[in-house]
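Heads up, the next two complexes both have chain A, just with different partners, chain B and then chain C.
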Partner chain A sequence: MLKYMVRRVLEAIPTLLGVTVISFIMIHIVPGSPVRILLGNHYTLERAAVLSKELGLNKPLWMQYFIWLGNLLRGNFGFSYVYNKPVAHLVLQALPHTLIIVVASILVAHLFAVFLGSVQAYYQDSMFDQVATVINYLFYSMPSFWLGVLLIIVFSIDLHWLPSGGIVSSQIANPGFGDWLRHLILPVCSLFMISVAGWARYMRSSMRESLLQDYVRTARMKGANEFRVVFVHALRNSILPLITLFGLSLPALLAGALFIEEIFNYPGMGLLYWNAVNSRDYPIIMGITVFLGIVTVLGNLVADILYGIVDPRIQYR
Partner chain B sequence: MPNILDVESLNVEFNINGTYYPAVHDVSFHINPGETVGLVGESGCGKSVTSLALVRLLPKSARVNGEVLYEGRNLLTLADGEMRKIRGDGIGMIFQEPMTSLNPVYKIGAQISETLLLHRDISAKEAFAQSVDMLKKVGIPRPEEIMDEHPHQLSGGMRQRVMIAIAMACNPHLLIADEPTTALDVTIQAQILELMREISNEFGTSILLITHDLGVVAEMCHRVVVMYAGQIVEQGTVDDLFFNPQHPYTRGLLNAIPKIDARSKQRLQPIEGNVPSLTRMPKGCRFSPRCPHVMDQCKVQSPELFEVENIHFSRCWMNEKKEI
Partner chain C sequence: MINQTLILEEMEAQQVVNERPDFMRRFWKSGTTKIGTVLLLFLILFSFVGPLIYRHSAIEAHLLYTDAPPSARFPLGTDSLGHNILAQLMVGGQSSLEVGFAAAFLSMVIGILYGMISGIIGGWVDTLMMRIVDIILAIPSIFILLFLNVAFQPNLIIMIFVLASTAWLGVSRLVRAEVLTIKNHVYVEAAHALGARTWRIMIRYMLPNFLGTVLVAATLGIADAILAMAGLSFLGLGLPPPTPNWGGMLSDAMNYMFQNSWWMIYPPGIAILTSQVSINLIGDGLRNAIETRER
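Right after this comes the complex of A and B.
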């Protein structure tokens, strides 16, 4: 098991390197230079040349890449051009906020999708199933940022029920846990409702298949009731494809968080990334890219391990 | 003492595109305490449908009527909760496919204990101990270790033994075995049959044995019910059937068994044609299109079950007792 994990991590290293090369090239292809943005109105050719040299941007691209990589291997993610702080520090500061949104929406989405999909499969082709399928499609085809804006319009602007952004209310002197929680609701909802739609559809088809299996008949023959048949016997077999999706959805959700954080002005990694792209803050962009790459690899590894826990037939070699 | 099982004019119909087609038609038979009854016929003649109808495990598209009296209670009119109390406790069932009938993600121990925990008011510890005993009884070596293993670690024969342990855990009065040995190889087959016979003798369990293998019937059963195209065509003791078969279908089945002592060049005689499909039942006698002795009457009028002699019945016009 440990051997398997080590091997998987080692195998991921070439992939991660490839990702950094491609991102590095791409951000330099994008028009607009950090020097021009940093100097703003003070821009002159001489100042630009000095700043370029200072930031190391006058060197050939391949050399810049290897300098960056060398620093990375020594644990140095570089300095932000704009904030003039270490990238690692900025990322670690923003990370908890993003993690809360993403983990909360993954958990809620999984629980909800598993339940909804199972019930839909059990009552397949009933009125309930058909209505749920239509609603699922509706959310499935909705971009999360669009849903986020919609939720703000309805629940913040029209109904005044929930805050439209930030982590806590700035008007209150000592915002407590409840206030913080209220700020989480809309961003988490915009992310989770869309994940639920997709996952519930997977769960439905997976559960439909499980319910036709012989062991389900065996369970009924033992005298188990229908709740037990569905949620004990069929569920654990149906959940396997969702675990794979869990691994794949982690980076997708982090990317979704990018838009959501921008819309809700939520100071997590997504907002940091968004601002870095706008100001061409290369070190931050690269730092977060590496981080997302690592998360993707870890997400898949976690999914594989969970797979083995749920399905005893899986062996790690 | 009442019969363990009394099936009275059982009918099963399946809804295919809005129309109901009969899959089992007017089936009546009974099982005495301690008796093993064979239910025989080709694939697709309604044996499995009959057995699943008895315990109400057919899909919702099936419509069942008639009476299934288990120890005097009609199972077809019981509330769902009452029916669940009988499944696994009064009636146990094992299936054709030992490879897929066990849940792949749970340990053997949990799967056997489950039956006990569902029906008996005992602790998990006691259920575990009783499960180990049950595994011993079905002839599984190192039962304690097997309790902790998953189904994929066992062979087909072992899995069928586990299935028997699950079905027998609560010591049911009736065991329904739906082609229990079809998926196993011959030596294992013999072991499983031997095991079922021991269990039947030891616990006095009645067995409804569904099979297409007449060899199995000869070895195991007291009485036999032969089904064709959803109907009973012949019913009698094992001796009646093997030494005095009346219905041309039964004779056909007997002729299709290879005989080891036969002179080498003698060919097997298959029954020509196939079992008719649900949607295309022939008029008159359902076997008439394949029957070597077909008469004009057979193509128009369906025969009833005629009594040939004491408890031996045949659904053939040739067995009609003509008044002289």
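Right after this comes the complex of A and C.
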């Protein structure tokens, strides 16, 4: 097990190096220099030359890459041109906000999807199953940004129940935990509603297969009640595909979070990236791209390892 | 030589034996597929034939009628600049569908070529080529698309390439996996033995075997491309103005949310949702029809 984990981590290193190369190339094939944007109306050739030298943009590309990579390995993600702060600092500031909405929505969505999918599979082809399938399909196809807007209209504008954006209320002098929590509800709900639909579909089909297995019949014969049959005996096996999905869905959720953060003006990584792209703040763009790469690769790794823990039939080689 | 070609032709003929009508029947049998097809046809007619019937400009600003709710003159109302929303919706549909279909097709072609080359050559070339795919897939595509959009300020054609730039990755993985299993089948060996060239084997023997799987992926890719473009436009990117776009209409509407301008918010959202539902339904229908064949 340990050997397998070490091997997987080692295998991830070339991929991560590749991510750094790609993000570096991506940024340097692009027209429009950051020097021009930084100087704006004060642009002159002399000033541009001085600034490029200061930012190290006049060195050959491969040298810029290795300087940047060397810094990266020492935990130095560079210095934001625009905010004039270390990138690592900015990312770490934004990260908890993104993490909390993503993790909260993953957890709630998984629990709910497992429950809904199981019940749908148990009462398969009933009225309930059919209605739930149609609703799932609609949410599965729903653009996250439209859903976010609809939630704001219903719950903040029409009903005045929840705030429409931000992390805490700006009008209150000392916004407490409750206020913070209230601001979380709508962003988390948007991500939750979108991801639950796809997962419930998986869960439904996987539970349908499990319910046909022999051990389910055995469990019934032993006299286990139906609740136990579904949520203990069948669930254990039908939940397996969802665990793989758990790690794989991380990038998709981070992408969804980009829109959600934009709509709810939530200062997470997505909003930071979006602002950085608009102002050509290269160090931030590269920092976040590399960070996302790490998260995705780790997500896959965690999915594989989790899969092995819950399914003892898996052999590590 | 003539003999060999004859045998080859015969083998090819047997390959595609009469599976098609059967396949189409299975595809049509499902009610959800029919709903999807009807919805998609409706969208196509709405976007391309609609403007021929409803002859009103999508970019003309009726400054006396800004923010107008639906009326006899403007069936879906006007936006903050006095644009006719119904006309905008139709024209926006054109670019969405054109870009969606073209980007999906392009990514399918690139993906098939890349995946086939990787799978057939094998060895370290295969490892390297697939590593590259892994690496690009490790970055969520919307982040790449966002970046490319700001960098290149795309028109319709560049937009297609930008969207395809991330969409081909999944296809190439699928194709490569299929090629690896097909590669060792007896009929491929037989074709080799009979002297068929590699490209002939690729096109006549391998392609028909995984075209179905790829077609499903490409169909779902149309929905992804439409959604990605709407999302980019929603973020204020996408195609440059004045070309109306569903995502752009939605993001404009968001600025007027607090005035309860429901007629600006629902139409583009429903249009995007319809495109997604219809194409996903068709994709699922295709997949079911193909999987039954393989069972």
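Methods note: the second predicted complex is superposed on the first by the 314 of 317 C-alpha atoms of A that agree within 3 Å, B and C clash if a C-alpha of one lies under 4 Å from a C-alpha of the other, contacts with A are read in each partner's own complex, and residues count from 1 in each chain.
The rule is short, and it goes like this: contacts are C-beta pairs under 8 Å (C-beta built on N, C-alpha and C of every residue); 3 or more make two chains touch, one makes a residue touch a chain.
No experiment lies behind these values; they were computed from the predicted model shown.
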Report clash or fit for the pair chain B and chain C bound to chain A in the combined superposed model.
fit
Quick one: angle from chain B through chain A to chain C, Cα centres, nearest 10°?
80
Does the superposition put A:103 against chain B (first), chain C (second), both, or neither?
neither
When the two structures are laid over each other on chain A, which of chain B and chain C touches more residues of chain A?
C
Identify the partner contact of A:149: answer first if only chain B is touched, second if only chain C is, both if each is, neither if none is.
second
Could you tell me if A:233 is touching chain B, chain C, both of them or neither one (first, second, both, neither)?
first
Give one of first, second, both or neither to describe whether A:63 is in contact with chain B, with chain C, with both, or with none.
neither
Output check: A:225 vs chain B and chain C. Expected answer is one of first, second, both, neither. What do you get?
first
Let me test your reading of the model: by the given contact rule, A:25 touches which partner, first (chain B), second (chain C), both or neither?
neither
Minimal inter-chain CA distance - chain C and chain B, angstrom:
16
Mind sorting out which residues of chain A both chain B and chain C touch, each in its own complex?
none
Residue positions on chain C within touch of chain A in the complex are 131-132, 134-144, 146-148, 150-152, 223, 227, 230-231, 234-235, 247, 250-251, 253-254, 257-258, 260, 262, 265, 268-269, 272-273, 276-277, 280-281
So, in the complex, the side of chain B touching chain A is made of residues 55, 57, 81, 84-89, 92-93, 95, 97, 100-106, 114-115, 118-119, 150, 152, 163, 166-167
Taking the complex as given, what residues does chain A use to touch chain C?
14-16, 18-19, 21-23, 26-27, 30-32, 137-138, 140-146, 149-150, 152-153, 157, 251-252, 254-255, 258-259, 262-263, 273-274, 277-278, 280, 285, 288-289, 292-293, 296-297
Within their complex, state which residues of chain A touch chain B.
213-215, 217-225, 233, 236-237, 310-313
